[in-house]
């Protein structure tokens, strides 16, 4: 059992509190991603779990036992760093062997484990090389290898892919995921890239300004973002958000310009709300059935799809259209809304459920 | 880690363990070995001493003359004083004041001490009535002059000056000679660099004018009519460019040895020095290149000179005072040694009147010139632990005077500074 | 083909630039050149007018004359003291610098200020108490007194150089080692020190040069030739004997400079990098 | 990165040696030295007595001590100014896009390792009255006739020391300035050039302001080092002539270790320490802050 729990973790730098009491439960063998914009405290939380930082309050438990007072060495964890953090003066073999040497592992065993890890990561040919002689991807693999020679209870990843180019990043995503499945160890993965989080994690923890905003499976977060922050952070292109108000009946959404839209569901009446619509749930529709009229301002062809930016009375709107869409800049077009998939947030940015009185 | 600890330990041990010395060491510190021509003397002393005292190791620490007092003080305060300390009389009070010197009366027999002139011993006897050092190489100061330059300047080299005016005239005359290939010719090789020794070397002139730097009550006083007269005489020579600017003892000796100065003050060591410096190209003799004469008499007709002698003392910390005393007896009274010292260095190498009158020293005209002066010489007049600090107060004023400043006010400043210093 | 005026002007500017750089560098090197030149001349040629830069007759006699027991002893003493101080100051300096750089604690900046401020402590004033202290500890006239003294006065610079280096060193490597199971001491010894070799070398060279140079401690804390370091030994033993023998004196001066010049010649890149990184970023 | 709570032993181990060394061999002596400045301590005396500010009164009543202070400011101040300006000029020249910068820099920097004792010997020869190359040069250019007694003229001797100090310190300032110059992004100067600023304007408005702080720090470091320096006055000029090169370091050293007057030397050292503190404070307040 190597579940990881944090209980009311607080962290202060001087008088500034950067984590405001984080409670988190990570199951054994689970792959959890911590996401959030830079400065949200996700790396700090990871480093607290690792034991690299001391927390100002609360408790960290690994396998049900508190480890708050233990050094990283005694927590049985492994960590992969953004900059790889390879020992520049040691060759690949020594880099991989270091952690075992530090734990006084017998020589023969070290050799077996290092060679096995190198095999698993395709590094066997490079064991004698110095880190400086390796490519970025190889360095990344050494960094991973260093973590996995020891078969620790918990793997910690601190933005391990952000120094790689786009193509390698996609490759490594699958590789890390595969390793996780092979090793069956609990993994905590910090990233600011929501795509990485969505594609790799069993569960995602969204952090913002030192608080957990939402925890859930990737599609839960996508389908039911708890706040406007999560709504705009998860998903690309990001969700269209409009500020306005709901009429007394709660069935119509008005914006300040006077335009309004009929909602598919009934909400409790609010003076000030935010309406969210994902670009996927919009459709260009030249027919009269369209819900909103607007003028096309920008058309972006990404290859697999086309993003059409339309100026509407509600404000600018992004629509995901098929790859070969004929939309042209300057055209007046209609946009059709999937009314079932609207998101409504109250004045404080919290998600509103439909049908509320 | 293991290696780290042990190497640190080894380093610490290697650096902290002081030099182990056998019980039977006798350590001498002084400037004997800093002059290469004196080294064989030291070697000879060592050889004979070790032969006389089997199993004893004689160790020589070389310290240059100028630093000898400082280093002896440092060594004593630091607890590793040498057994034998080579000094000049002016320094004895300083070392005595810190308890660095052993009283010698009991280490020597009355017969041994009787060989040394009383006046010389008295200079080294302190208020407690005890003797703290013995005179070793007496050094009455005389004038050395370059006979060739005198002749070139139109003077008779066989008739050295007998009055101060004559001396000045000759100095000016030599100074007026045209410069040679390798530089200007000076009348007088005067020491005037920024060191207390420069002032010490000015005391013979003060004596020469009938003055002293210690008055009847024992107060140190430079602002006296005689000192003013002496310094005024020097000022005339210096300001007319007939003395070099700010030369040290070594530099003035080089001038003399290279035939570029008419006159210089030296003790009996002068002949050996000039021989050595000129690589034996200059001959000292009544008919040679350089010869000696006493300083002129004072205006009142009196005649006196200073002795820049060497003395030898035994450290109060010495564990082998008897052995050290053996060494002192050897170098003072062993005719073999004193004669060798004399032959190798041309020094008047013993205070013993008996030894001076016989052997090679007795037959040497040069030495006998100095033996004559022994009748009228005094050791350094200032008996004070702060001997050097006192002279140091005079140095800037002395330099100022040599550059033409008002003598009386400068000397008054010097006296005031000395008074301030001694009031502490 | 004619060259246009602007190009000509630029070339003239370039030439003037090289000329002034060369002149300035040459002026800087004249004293050293003159020292070398004099050291290879027979004494009689030293006093020639006009002076000769390239001697008519080159002699090594002046150097041969320096090969004596005393100079050998002095060199060895200086070498032991300088190496000892360099090792001690650099290692202890590295420890402190690492502590300040990697431990988060109030007073780190204050500590740094104290170390740097101690550079301005008047050395003669320190020596008065050090003298009595060394007397009490029985360290007077030992290598230890000099090594400790030189270490104390150089350690602030050593800390400063190394702290700046550590501050720039990415921490992730150390964190990785820490997570990998190395204790902080092991991280320091096996990960940080090997990575800090250039800065350690810079610090060691600096301490070595300062120690090789130091006069006052040598004059005051030693009293015998077999313990005295070079500058003190030269002041005490050689200067008097050499008055006037300028060619020999210059040969001596060259020989005294050689160890530091050699050291510097081989490590100057490392040293300059270490010093400038520390100085500019610090 | 590490916390004291978790690694208290390691924390202590890291700091103990340096604190022991600096505390025992620098802080204790300085505090003790200040204490001694109020006593008549001397190895020549058996009893040490508290004398209040007597030592300070003695010092300040001594016109020679004031001369020493003046000499110190004169020699150290001018040396600092010269070495800073010269070092900057050499650095600017080396940074002007010429080739072989590394070679020139290394050539100049050799000077920085020449031991002081060697400089003392060498300067005696360079400034020798008769055969010194300086006088030979001055004679050959007709500036002087005959001899110029550099070491015996109270007006000239300080300059011999100043030349030695500046010469020795130029490489240090140059290396620092050069590194700082190379640290200025090229784009800044290129932008200014496109904006129409000529070399002198760029120097005045871009380079020097960016260099100001680092130069001032280098100058301060050098000034403090010059204050400590004692080899040249002790060996070469012995403080003379007429006390013209007698500086605080030499005065204090001689008071302590040739006159063995620890009380007086401590008082002089304390004055020196106060001077440095006040100077550094003023320097920090009026020079460094402005540009920081």
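A few notes on this one:
Chains: A, B, C and D, in written order; residue numbering restarts at 1 for each.
Just so we're on the same page, a residue touches a chain if its C-beta (ideal position, glycine included) is under 8 Å from a C-beta of that chain, and two chains touch if they have at least 3 such contacts.
In this text the structure is predicted, and so the values were computed from the model without any measurement.
Chain C has its Cα centroid nearest to the centroid of all protein Cα atoms in the structure.
The chain with its Cα centre farthest from the Cα centre of chain A is B.
Rounded to whole angstrom, the centroid-to-centroid distance between chain A and chain C, based on C-alpha atoms, equals 54 Å. The centroid of the Cα atoms in chain B and the matching centroid in chain D are 37 Å apart. Here the spacing of chain C and chain D, counted between their Cα centres, is 16 Å. For the pair chain A and chain B, the distance between C-alpha centroids works out to 91 Å. Across the assembly, chain C contributes residues 47, 131, 175, 178, 183, 219-220, 235, 239 that each touch 2 or more other chains.
Contacts with at least two other chains are made by residues 70, 74, 77, 183 of chain B. In chain D, the residues touching two or more other chains are 1, 3, 7, 130-131, 257. You'll find the chains touch as A-C, A-D, B-C, B-D, C-D. On chain D, the positions that touch chain A within their shared complex are 1, 3, 5-7. Those residues of chain C whose C-beta lies close enough to touch chain A in the complex are 170, 172-173, 175-183, 186, 191, 194-195. Only residues 50-52, 71-73, 77-79, 81-89, 98-99, 102-103, 143, 146, 150, 156 of chain A touch chain C when the two sit together in their complex.
Note for the complex: chain C touches chain B at residues 47, 70, 80, 84, 87, 131, 134-135, 138-144, 147, 189, 219-221, 223-227, 235-237, 239-241, 243-244.
Those residues of chain D whose C-beta lies close enough to touch chain C in the complex are 1-4, 7, 10-11, 13-15, 17-19, 21-22, 24-30, 32-33, 36, 89-90, 93-94, 96, 98, 104-119, 121-123, 125-126, 128, 130-131, 133, 136, 140, 167, 170-171, 175-176, 178-180, 183, 214, 218, 221, 224, 227-228, 230-231, 234-235, 248-249, 252-253, 256-257, 262, 265-266, 268-270, 272-273, 276-277, 280.
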